[in-house]
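Here come two complexes built around chain A, the first alongside chain B, the second alongside chain C.
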Partner chain A sequence: MLALLFIIFAGMAIGCAVAVVAQRNPLYSAISLIGVFISLACLYVMLAAPFIAAVQVIVYAGAIMVLVVFVIMLLNVEEEERRRPRLKFLVPVAIGLAAVLVAETSFIMYSVRFSPFTPTENVSNTGLTSQIGTGLFTTYLLPFEITSVLLLMAIVGAMTLTRRSASLSPTARIVPGTQILAMDILTPGSSENLTAVETDTTTEAALLLGVKPRQAPEEDEEI
Partner chain B sequence: MDLTINIVLYFVAITIAFLTIMLMVAATVLAERRVLAFLQGRLGPNRVGYGGVLQPFADFIKTMMKEDLVPAQTTKFVFLLAPMIAVITAIMAILVYPFGPTINLPLIGPLQLVIARFDVGLLYVLGITSVGVYGIALAGWSSNNKYSLMGGLRSSAQMISYELSLGLSLVGVVLIAGTLDIYSIVEQQSGWWGFHWNIFYQPLGFIIYLISAIAETNRVPFDLPEAETELVAGFHTEYSSIKFLLFFNAEYINMITVSMLATTLFLGGWQGPLVAQFPLLGVFYFLIKILFFLFLYIWLRGTLPRFRFDQLMSFGWKFLMPVAILNIILTASVAFALAALGWL
Partner chain C sequence: MPQLWWYLALSAVLFTIGVVGVIIKRNVIAMFMCIELMLNAVNLTFVAFSSFFQDINGQLFVFIVMTVAAAEAAVGLGIIITIFRNRESLDVDDASILKL
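This part shows the complex of A and B:
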């Protein structure tokens, strides 16, 4: 029975993984990737690691892939056209890497079969939440803290990168494609007065916002 | 052999749970229409059956009979997949809630009234709910309609934002309980005539949870994805017949799920007076508490106007999230202090 479940979920994982590469529509690839993550979560449950399975679904399927799908939806990415492979030297490299992978797998299967240790039934509770928590906050405290600092740095970095150079008011919103500016962008603090300001050209808008143009425009450019 | 019997038992239990939930959805839909009508000084549907009790079934049959339209230039596969994802994830989340205490059956022996009990029940619920976003996002995208796309995007943004404060509001409960197993959390809230319920230890967490849960299920006053005046019907504009029915069901099942989670985590689940003597009374209490939350949903719908989208976002990120984090810090400090003083 367990073997049957394993075959189902492993087959789903492999099938979805192939689909990720084979699909030409990027959104289908993303959906297939979600399928891979969920099948992997099912496999983790079968390996008595429910916490890892839940985290896999929450973080990968629930958070990261939502962003990916979001971006694909917003950018309206076209279907990829099938074209001649340009980097031809990658084909033998891929074959070589595949051979290494197959060799590794067969070595693992060989060593498990002839291992002097016999697998025991269900005595491990390392996959349980309390065990993982205890481990993270005692033995592996330093790596855990370093990871959290790393994540914080990534968050701060993302915010720094998306910040605009001009000092806008915190309530300012810039809508791409429009030339109408809210009043409170120009005079911060007047958030009560939400009269919109319309500009005719990008340069005029930049002037009002106090943004210096990257290079001096030779003539006024209409959007 | 034992495994096979277990699987058959699980299958039976899941089928019963599924039918019960479907009946509850029908009852909720009817209750919503009737209660809303009374709140607005109308009568509501009262013609089919006694007092209108058969109205949901009549609606069901009528919707099923409608033509199943698929607009031109939709992404067919995703268009079909989206309502399935929505309803499957909604139904999957109900499996972990304990709906009664352990009862003694004459032939089988002691039986825990919960379908699936495992170590990470709470995380399972959060994980399944987070996958549910795809149903709405993909429906909006695949419909090839600007209103659907806007609705889908709004909905996904809203669900992602409020999922954070929802998850954070539950951390306080987990800190008190010391486990993610929902059954144990319910058992810990017994005694003291109900003053062991987590709502008394986590009032702030409860309020944050309630607000985020309403936003998470896209209900009034957070029903931006379906803002009729702006977006026709939001992400399900292009859906008709049984596919629309699936989305409709998913929304109501999500409401029930969220009410179940609120009941189990904050209101003591099936706990109540005389449960120790008559265990089956627990099921009744559980149902009453869920009905209270469902009534709250309808009440809010009859009372509050809709948020604006920027208000919704800034409320979620700039108010609810910080308060939720504050709640965690507060709970953790108090728990630590009590443990240090040896009172816990």
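This part shows the complex of A and C:
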């Protein structure tokens, strides 16, 4: 019975993983990836790890994939076009490296299967939430705290990266009155586009540049 | 009753599919999702070992890997948005000089 369940969920996982790679539309890839996550969560339940299964569904299939799908829809990605295969001479090298990888993997399987350390057959009570909490707050307290710092760094990094006026100098000011801004200041990538952008008010210019408008009049060349 | 090596084999297959995806895909978001797939394959190995040898440490590692994956998703998608804003494209070949 368990073997049948394993085969069902493993087949689902592999099928969805192949679909992730095979789909040309990133949105379909994302949906298939959610399928992989769900079937892996089912496998975690079979492995007597209910907490990890719940976190898998909440964090991976919930939070991370919502973020990915949101970005896909925000950027309005079209299907990628098919390209001519380049670097044909590398195909034999790739086959050789894949053979090495398969040999290594099968060696690990072999060692695991015939190792003297056989798994115990008792009913497992590892994976309970209380045990995970005890481990996190005693043995792994320092990694746990470092993880929180890492998450804080990720928040700050994501905000810094996606800020629109990242290339603007910190001394830039908005002068009250009508503004004429070079296109190059607003979008640093468009260096060939030299069209000036005219704004009617100071607040509109501040909105475009992403800086707070100052009340005191300043020199124009600081912008 | 599923054996330990069944789970290891499934994990190896999933990891290989992820590697192949990272290599053959040209879309940055698709490559990103294949990296997530590889992280999940490793997580499966951790949980399988943890469950079969009755050692909770493997599942704690999975917890930390998931946190790192969440941080990676936030920063990675921020980088993707910045690349798209500057290059109007998500193709990795258009962003090959590592300069915005």
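Here, the second predicted complex is superposed on the first by the 136 of 223 C-alpha atoms of A that agree within 3 Å, B and C clash if a C-alpha of one lies under 4 Å from a C-alpha of the other, contacts with A are read in each partner's own complex, and residues count from 1 in each chain.
Everything below uses one rule, namely that a contact is a pair of C-beta atoms (placed from the backbone, for glycine too) under 8 Å apart; a residue touches a chain by one contact, two chains touch by 3 or more.
The shown structure was predicted, so the numbers you read here are calculated from the model rather than taken from an experiment.
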Kindly say whether there is room for both chain B and chain C on chain A in the superposition, answering fit or clash.
fit
May I ask you to decide whether A:38 touches chain B, chain C, both, or neither, giving the answer as first, second, both or neither?
first
Partner chain(s) touched by A:105 [first = chain B, second = chain C, both, neither]:
second
Which touches a greater number of chain A residues, chain B or chain C?
C
First (chain B), second (chain C), both or neither: which does A:61 touch?
first
Taking the superposition on A as described, I'd like to know which of chain B and chain C A:129 touches: first, second, both or neither.
first
Applying the document's definition of touch, where does A:73 land relative to chain B and chain C: first, second, both, or neither?
first
With both complexes overlaid on chain A, does A:51 touch chain B (first), chain C (second), both or neither?
both
Of the two partner chains, chain B (first) and chain C (second), which one does A:17 touch, if any: first, second, both, or neither?
second
Just the number, please: smallest Cα separation between chain B and chain C in the overlaid arrangement, in Å.
12
Overlap of chain C and chain B interfaces on chain A (superposed complexes):
51, 55, 63, 74
Which residues, counting only chain A, touch chain B once they are in their complex?
1, 25, 27-28, 31, 34, 38, 41, 50-51, 53-55, 57-58, 61-63, 66, 69-70, 73-74, 128-130, 173
In their complex, what parts of chain B are in touch with chain A?
3-4, 7, 75, 77-78, 81, 118-120, 123-124, 126-128, 130-131, 133-134, 137-138, 140-141, 149, 152-153, 156, 160, 163, 179-180, 310
Quick one: which bits of chain C touch chain A in the complex? Just the residue numbers, please.
1-10, 12-14, 16-18, 20-21, 24-27, 29-30, 32-34, 36-37, 40, 43-44, 47-48, 50-57, 59-60, 62-64, 66-75, 77-82, 84-88, 90-91, 100
For chain A, which residues are in contact with chain C within the complex?
2-3, 6, 10, 13-14, 17-18, 20-21, 26, 29-30, 33, 36-37, 40, 43-44, 46-49, 51-52, 55-56, 59-60, 63-64, 67-68, 71-72, 74-75, 77, 80, 83, 101, 105, 108-109, 112-113, 117, 119-120, 122, 124, 126-127, 131-132, 135-136, 139-140, 143-144, 147, 150-151, 153-155, 157-159, 161-162, 166, 187-189
